[in-house]
Structures are given as C-alpha cells and as structure tokens.
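Next up: the structures, one after another.
Shared between the two complexes below is chain A, which pairs with chain B and chain C, respectively.
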Partner chain A sequence: MRIFGVLFRLAWRNLWRNHRRTIIMLGAIGVGVWAMIFMTALTRGMVDQMITDSIGVLPGHVQMHHPDYQDDPSIANRISISDADLKDKFDDAGFEAWASRVRVPAIITSERESRGVTLLGVDPAAESEISFFDYEGVEGRFLDDAADKGIVIGEELADTLETEIGKRVVLMSQDPDNEIADRGFRIVGLYSASTKAVEEAYAFIGKTTAQKMLHIDDATTEVVFLGDDYRNVEPIYDAVTSAVDDSVSVRRWYEIDTYLGTMMNVMDGFVLVWVVVIFMALSFGLVNTLVMAVFERVREIGLMLALGMKPGSILGQIIIESMLLMTLGLAAGNFLAWATVTPLESGIDVSIVSEGMEMWGAASVLYPKLYASDMILASGVVLLLGFLASLSPAWRASRYEPVEAITKV
Partner chain B sequence: MSAVRCVDLCKTYRQGDQDIKALDHVSIEIGKGEFVCLSAPSGGGKTTLLNAIGGLDIPDSGEVYVDGERIDNLSKGELADLRLQHIGFVFQAYNLIPVLSARENVEFVMQVQGMPAAERREKSNAILKEVGLEGLEGRRPAEMSGGQQQRVAVARAIASRPALVLADEPTANLDSKTADELMELFTLLNKHHNTTFVIATHDQRVMTYAGRLIRMLDGRIVDDIDQRAA
Partner chain C sequence: MSMRSFFLLILLAISAPGSAEERDAKTIVRDAIDHWRGISSYTEMAMIIHRPDWERSMTMRAWTKGDDHSLVRVIEPKKDRGNGTLTDDNSMWSYSPKINRVIKIPSSMMGQSWLGSDFSNKDVARADEIIDDYEHKLLGTEEADGIVVYEIEAIPHEDAAVVWGSEVLRIREDHVVLEHSFFDQDGELVKSLQTMEITDMGGRTIAKRQRMNKADKPDEWTEIQVINVDYDVELKDSLFTLSNLRNPRD
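Right, the complex of A and B next:
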C-alpha cells in the first residue's frame, strides 16, 4: 500500500506538469462523456415514452387471453370467465390496476368512408386506472359507464371518416356464430393521442354495449394488468399466473408486442454501441497524451527503475495517471450531463420534425430521462476502455532498460 | 567478505560496423568501507563497470558479486530489489524526479522500500541536515542550484543506509568549489557510516579524495593504486 502512495503522488503531479494538455484532454473526455449520457437520455426518453404510450393502450404490462387469441384475435377466442368471477379473482387478491375488455377487429363506417379499426369495449371506471389518454383532454366527453351507448374515436379517424361529434357511425364485426354483428353509434367524443396512428386505430364503446352487440353475455377477450415499471413485470406476471388456470394464457407485454420488446433491446444495445463509438474517438487522444507523457519522461522512468522501482510499479503509475485523467473527465462529463438533462426532463418540443418522429412511433415532445444506470454504464465503459487504452504506453514505459533510458536526452 | 567482486568481466558494444570492448577481462575486488575511484578517459569502460556492479547492465561474460551474492545471473525484478535494498546511486546529471520536493526525492527510495512515514521523515530530516540542505526540504529541483540538486541526489543515495554507493561523474556539472564540498561530504559519509563508495571520474581533484585509485584504459584495468599508502 505504501508504494501506492508514491505512485499516486507521482501520477497526480505528472498529470499537471503540462496543464494545457491535461485540460484539453479533460475537456475532450468531459464533452465525450456528456455526449454519451445526453444522447442516451434522449434515446431512453423516446423509447420510454413509446413503450409507455403503447403499453397504456395496448398490451398493459401483463395480459390474459384465451390461449388461441394471439393467433386469431376474434370473438371466437374469448375468455369465458364472468366479470363477477374476474372481480373475485383479482379485486380480492389485491390487484389495483386491471381491467377486462372486449377487443375485436371491426369496420367503422360513416356516411362517407369506412375504415378497419380495433374495437375496444371498456369499462371507463376500470380503465381510468390504466388508460393511456387524458380523459379531460377528450373533445366532447368520454364514455360515462360500461353501458354507455355512445362511441369515442380518435381525431385522426374522425378526419378520415369525414365525421364529427354528434354524427352517427356504424360498427360491424362478427359474433361467435360467425354472423354479422353490427350497431349504430353516435359519436360522443374525440380523443387525441401522442401519435396519429393510435388515433386512427382504436374506437371505444362501453363494455356491456360491446358484449350485447357481439352476443357474448358477460364474456371478455382480454384482461389487462398494469404495474409500476414496464421493465420489471415479473412480480405481476407471477401473481396473475398463480391466480388462473390453464384455460387462459398469460403473457408479458414484450411477448405480445414483440416490436416494442425488440425496440427496447435494440435501444439498450444502441446505447452501448454509442458509448463505445464515442470512446473510440476519445481513446486516440488519450493514447496520444499518455504516449507523449511517457516519451517526455523516459529519463525519469529510467531513473526510477535504476533506483529499484519494479517495472510493474512503473506500469501501475502510468495506469493510475490514465485513470485519474479518466475519473476527472468522467466527473466533469457526468456533472455536465446532469446539469443539462435535468432542466430538459420537462420536455423538448421537436414538433418541427413530428412526422419523422411519428414514423418511429414517438411523440413530438421528447422527455429525456437520466438514469443512474446509464451514467454508471457510460462511466464503467470509459474506465474499462481507458484502462485498456493505457496498457500499451504503460507497458512500453515499464520495459525500458534503465541504463539506456537514463542517458536519453 | 568483500563489498564488490568482479571476475573476468567482458562487455562488447556494437557501434556501426565496429565492436567496442567496453570491458576486457576485468577483475577487481573492493572491500567494505573502501573509497574507490575508477578513472579512465571517455570510453575507457568506467561507466560500464559501474553499471555492471550496480546491476544496471549485464556483462557478456564473467561474474559480479555484491556483498557476496552473485548478481550477473539475477532477473530484472531481483536486480531491482538488489538496487533498492543495497545500492545507492548518484548520477552525473543530478537525476532527481522533478515533480517531487527535495524531501520527497530523498524519501523516494525509502518509500518504495516500504518504510513507515514517520521513520522516513526522521531519516530524511537528518540526512538533509547532514548534506547542508536544512530549510530547503520543500523546494523542487527546478528551484535549486546544481550543487544543491547534487546534494539531494547524494542524500537520496545514502538515506536508506545502503552498503554500497556508486557515483558516476558526480562532479561533472559542478563548479570546483561545489565539487570539493561534495567530495568532502562523500569522504565524511564514508567515514561516519562505513559506506563503500565507488566513484567513476576523470576529474583529477576527485581522485585525490579516494583511498584507492583504479585506472582503466580501453576496457582494461591498467593501474590499481592504494593512495593511503602513497
């Protein structure tokens, strides 16, 4: 440990021998680390929002279906558990955010246009715990209860159908006997969502109304559960699985929406690649700095070897110097990232490129998210790669022959 | 047991197309507590011999013993240990570590040896006082004169009480007054601590301080004079 003291002192003082070079290098590392974390925060915010929005309206964190519903999402593959039984199973077991729905493909027709939509028969009271949109933001009104006779569609769909609040539309689907099941609805509300694709895809009616229209008594097609964090759904998945038998299939959100699941994994990989690519650019500067530092100190290194310092200690000294440089740069970069991302967490308006963002399924306001795990990842990668990059100059320094090094001018 | 014993040392360097014999069958024995000067013109082999004794250079053939232990067949790590524990070096061009203060330079070897801080501090204080640098402990090499820097180098060489001090042209960059002061210091330390000194030089005045003068020419010992007897 005593040798570490002298190595640390030498490394620290040598670092500041050439102030200008060290400060430039620290600036480069700091900006590089900031860029890593800032870009990661933007990406995380975008992906989080995409997933959260999608999960809110689509899969929930965990969903329960008929085992064949995933392959054929028709009314034939419904869950034949009554609402009363579902309440017994889940309300009494302490599940707070859950809702049963009727969800089937349907055709919606106005007096001018027709479109294919996903019909969602919902109970507004249960949905309020988990739904994706702001009920206060609905133009007109949302459904009052499960027996409401009205329909709520997205603003984009209303434009497409060239219809509006107060007008009537017809919904058409199939009942369990493969007969046409249809009904007229008056539009009572228009909702807006983060993307136009969502506004065009879903039409909401009361759950009881849907059950009557489709002649399925009190059956549903899916039960949705929402937890606290989409990244940690295992506890809720285990709880639901243990509460039901084999007549239903329970899946996590990423098993239902594989695109979103893949997106999350791709983004995790992208973050790592991004961090490594930035560091590769930084490493040229780092290696150059260390090579210059070693080259300028050949004689000193020879002297220390001549006085009895072991080659391993010389190696250690150069590596400590590199790690000190990295640590200072990391501290600056992390602080800069914190100072710039935190004020932006309330949202960055990117509506100027909203169409491009929508292609990704993202909204026109980005909410960067600074995760400690991302800062730790960036710092860990920088330290590890910094260590590896410093090995070569450090090894070179430790291999000097003292008698030759000490006579270098 | 002798402090240093060299048996039939040979070392050849290649310079361009020419082979230069830096050591040509050199054998010497230096007793403990001796004050020896190696004298030779430039290229005469004195630095090569000093480096071989200090384990900084390995001879092509022959044997080197320091304090009875054969060192020419030791590994790099073992040689580093030997230098750290048993040998003090003073080089021609001061060779201090520029980012360390005078005291830290003196303590450097002791710290690498693993000596506790309090003991290091006590020894460095004493030795800096002995070499006349009291009050300059906190100065860095760039803030000291050449003579003061060489005194720090001497203090570093002897601070951990090595059995053997090797000095290569220690007065080459000093004026005559400072050179005399340094040699008197060497003589004093040799007497007080019974440290063996081997000094490579071609400075006639330095040679007068030595108890024994070994003259070399073209890598061979041509004369070995006991100056105390003379």
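Right, the complex of A and C next:
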C-alpha cells in the first residue's frame, strides 16, 4: 500500500512537470467529454419529448384492445368487456390513471373540405391526467363531460377545413354493421399540440355521444393505463393482464408503437457509439502524450529500475499518471456539460428549422436532458478505454533494460 | 263545448301561426320531392359534366321506388356502359363491369364526387334528408309567370349530419323546384342547383334541365337533362338488389 502512495505521488508530480502539455491535454479531454455529454443530453431531450408526446397522444403506457384492433382499428373490433365492467375492474386497482375510449377512424367534413381523422370518444374526467394537451390551453373549452355534444379539434385541422369555433362540422364513420354512422357537431374548442401532424390527426367528442353515434351501446375500443415512468411499465402490465382474460390483448407502449420502442433502444446504443467515437479521437492525443512522457524519461526510468524498482511499479506509475489525467479531464468535462446544459433545460427554441423537425415528429423547442446515467456511462467508458490506451506505453516503459536505458542518449 | 276543449281551442289558436307555417314549409318540400320522384319512377337522363377545357356527357337510366330505393345505370358512353349505383336507405353500392365488382361506398367516400360530376355520393344517396333533418321556414312567396313561388329556408338540426349553414329552396306551387342553394355557416353561397328548363313530361310538369354549380367556380358545372320519364310504374323489389346491380335483368 505504501508503494502505491509513492507511485501516486511520483505520477502526480510527473504530470505537472510539463504543465503546458498536461493542460492542453486536459483541455482536449474536457472538451471531448463535454461534447459527449452535451450532445447526448440534447438528443436525449429530443427523444424523450418525442416519446412522452407520443405516449401522451396515443398510448398510455399500457393499452388494452380487441386482439384484431391493431391490424384493423375499426369499430367491429371493439372490446368485449362493457364499460361498466371495466370500471368495476380498474377503478380501485391503483393505477396512476386509466381511461376507456372509443377510438376509430372517421371523416370530418366542413362546407368546403373533408379530412380523415382519428375520432376519440373520451370521458374528460378520466382523460384529464392522461391526454397530451393541456385542457386549460384549449381555445374555447374542452368537452365538459362524456355526454358533451360538442367537438374539439386541432387548430391546424380547423384551418384546413376553413372552419372555426362555433361552427358545425360533420363526422362520418361506420357502425358495427358497416352502415354509415354520422352526426353533426358544433366545434366548442380548438387544441394546439407541439406538432401540426397531431393537430390534424385527432378529433375529440364525448364518449357516450360517440357510443350513441356508432350504435355500440356501452362498448369501447381502447383502454389505456398510465404509470409514473414510461421506462418501467411492467407493474402496470402485470396488473392489467391478471385482471382480464384472453378476449382482449394487452400491450405495452413500445409494442404498440414499435417505432418509438426502437427509437428508445437505438438512443441507448447511440449514446454509447457517440461516446466511443469521440474517445477514439481523444485517444490519439492521450497515447501521444503518454508516449512522449515515457520517451522523455527513458534514462530516469532506467535509473529507477537499476535502483531496484520493480517493472510492475513502473507500469503502475504510468497508468496512474494517465488515470489522473483522465479523471481531471472528466471532472472538467462533466462540470462544463452540467454548467451548459442546466441553463438550457428550460428549452432551446429551434423554430427556424421546425418544419424539418416536425417531419420526424419532434417539436420545435428542444429540452436538453442531463441524465446521471449518461454522465456515468461517458465517464466510465472514457476511464476504461483510457486505461486500455495507456497500457501499451506503460508496458513498454516497464520492459526497458536498465543498462541500456541509462546509457541512452 | 266543455271547458277542456275550449282551452284546447285557445291553445291551438295561440300556437297555430308558427307551427302551421312550419308544417306548410315542410309540406311544400315534401310534396316537391314526391312530385319529382313519384311513388316510383323510371327516368332516362343525360348528365353533362362541364369544365373549362373539356366536357363530357353520359346517358343513364334511373329507377326509384319509395324514399329509400334507387338504381342508376350508365348507358353511354360505351366505355362507361354498365356502371351502376344502387342506394338503399343511406347505404350505397357501386358496380363497375370493368373490374366486375360491387363495392359498398364507405362513409369515407360519401363526400366524394359521383361519377366525376359535381354531385357527391351523398347528394345521390340521400335526397330526402332535406325533410327530416331540417327546420323549414317559409321566407316568402313571389309570383313569376302567374305561378306562385315559395322561398323556403331549411336549417339543419344541431346534430344532423349536414355541413351547410342553411339551404334555400325556391319551389313553385306546382311542386317544381326552381333552385336549391347551399349556404355555408357564414351565410355565403357555396353551390346551387338551378332549374334551367321546365317541361311537361310523364304527365307532370317537371324540371327538364337542372344545373349544379359551385359558387366559386362559375365555369364548372354538371347538368342533368331528363330525356324521358315514367311515373308510378310497377317496379319489382328485386330490381333494387345487389345481384341485379351486378347482372342487369331489366
């Protein structure tokens, strides 16, 4: 243990012998680590938002449908359990929030235009904790209750249809017998969402109104459950599956929207790849620094070996030196990242490129997100790879022949 | 007269003007539709679709029975011959000999154009919703060529599947519809169906030529011309079936 103290002191002093070189190297590592973490935080924030947005819009963390609904989301594939039974089953089951909906494709028509939309028959009371947009933010008003006879559509859709609050539109869909089910609705509210695609996609009406219009009595097509974290949905999934039988299919959000599920996995992989790529660039500088440090000190190393220091200690000394360099660089980089991300966490406005962002479903304000796990991952990878990179110069130093080394000019 | 029937009389007297007028307006519309269609009818007609740079015309035969059943079959031009449309209540099927398939028109396509014309599938499938789904009001009467013309405003019920703010019909007292205009919810004219020519045919006075015209595109229109019509003919129920749509047996 004593030898370690000595080696540590030697390494520390050696590090500052050529302090200019060390500081430059520290700068390089610091900036590299900062780039790793900052970029990660940025993309993390983007993906996180995409996922929470999308989960808010569609799924709920766990969803229940008719087994064929995923392939054919029509009214024919509705859930066999009546709404009242669902209420009995789930009301006291301790979910963060749950709601049953009527969700079918429909056509919305104004005097001048018509568009395909997803019709959502919802119960506002149950929905308030789930849905993606903020009910207070609705221009006009949101639905009052499940029997509300109004309709709430997105601002973008209202523009396309050339209509506005207070005007009537017609919703057309199909009932279970394939007969046309349609009804006029007065627009009572316009919602705004983070992307225009969402604003065009959904039309909200009262659940019981929808059931009446589609002639489906007390049936629904979708039940959604919300937990507190989208990364951990197993407990809800288990609770739901144990409460129902095979007549319905229960799925986690990443099974329903596989794009999002993949996105999340890809993101985790991406962080690692990104960190490694940056380290590759860094490692050249690191190895070079170490090789130089060793090269300058050949005679000195030979002397230490001649005085009886074990080759293992030489090896350790060089590695400790490299690790010290890494640790200092990491500390600087992490601090830098934290110091730059934190003020930006309230959002970066990138609305200049918002159209491009929307094409892949991201909003026009970025909220970078600093995860401790990402910082630890980046630091861990850098330390590990730094250790591996410094093995070679250290090994070479420890293998010098003392006599040759001392006499080396 | 008992006390009770006396009250009833007063009640009737008070409420009479409004409801009588409403009934009147509704009856006028109802009568006009019955007059146009009869209990059953067989019509030969031409449809001319006009656009700024082209025009095409088709001739077709149409059968109607009661409020719900109708069958239309294209005779000319040759490439469209055999195309048919069957309606039953609110449902609609179309048949095309080229693909030899009967297709049920889904709700999503009801707003689309019928045979490429300015009429929508919905216009064809539901001619009589104008009676049940609307409140009718007599706006006024005028006289043209010695015949009284009623102007009736029809406002759709709150939950009716109608996008229009209101529709205004001008109907002659002999039940000929002169004009049927569709207004949006700001009261702006969107499209109108106008009678261009009136004639006596099949024992009735009917609109021989009618033209559907969008207000913002005056040089695009679709005209329906009645060539021949028979009213109250004997039609079998089997005429209005999917198998007859596919394999004509008339």
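As a convention for this text, the second predicted complex is superposed on the first by the 408 of 409 C-alpha atoms of A that agree within 3 Å, B and C clash if a C-alpha of one lies under 4 Å from a C-alpha of the other, contacts with A are read in each partner's own complex, and residues count from 1 in each chain.
Just so we're on the same page, a contact is a pair of C-beta atoms (placed from the backbone, for glycine too) under 8 Å apart; a residue touches a chain by one contact, two chains touch by 3 or more.
Because the structure is a prediction, the values reported are computed rather than measured.
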item: Chain B versus chain C as contact partner of A:L344, first or second or both or neither; value: neither
item: Partner chain(s) touched by A:E179 [first = chain B, second = chain C, both, neither]; value: second
item: Contacts of A:P311 with chain B and chain C, given as first, second, both or neither; value: first
item: Touched partner set for A:A76, first chain B, second chain C, both or neither; value: neither
item: Chain B versus chain C as contact partner of A:V169, first or second or both or neither; value: second
item: Chain B versus chain C as contact partner of A:V6, first or second or both or neither; value: first
item: First (chain B), second (chain C), both or neither touched by A:E300; value: first
item: Residue ranges of chain A touching chain B (in the complex, touch as defined); value: 2-3, 5-6, 9-10, 13-14, 17, 299-300, 303-311, 313, 402-403, 406
item: Partner chain A, residues of chain C touching it in the complex; value: 90-91, 104, 106-108, 110-111, 156-165, 182, 184-185, 190
item: Chain C partner contacts - residues on chain A that touch it in the complex; value: 105-107, 109-112, 114, 116, 149, 163, 167-174, 178-186
item: Interface residues, chain B side, partner chain A - complex; value: 51, 54, 56-57, 76-77, 80-85, 87, 89, 91, 95, 97-100, 104, 108-109, 111-116, 156
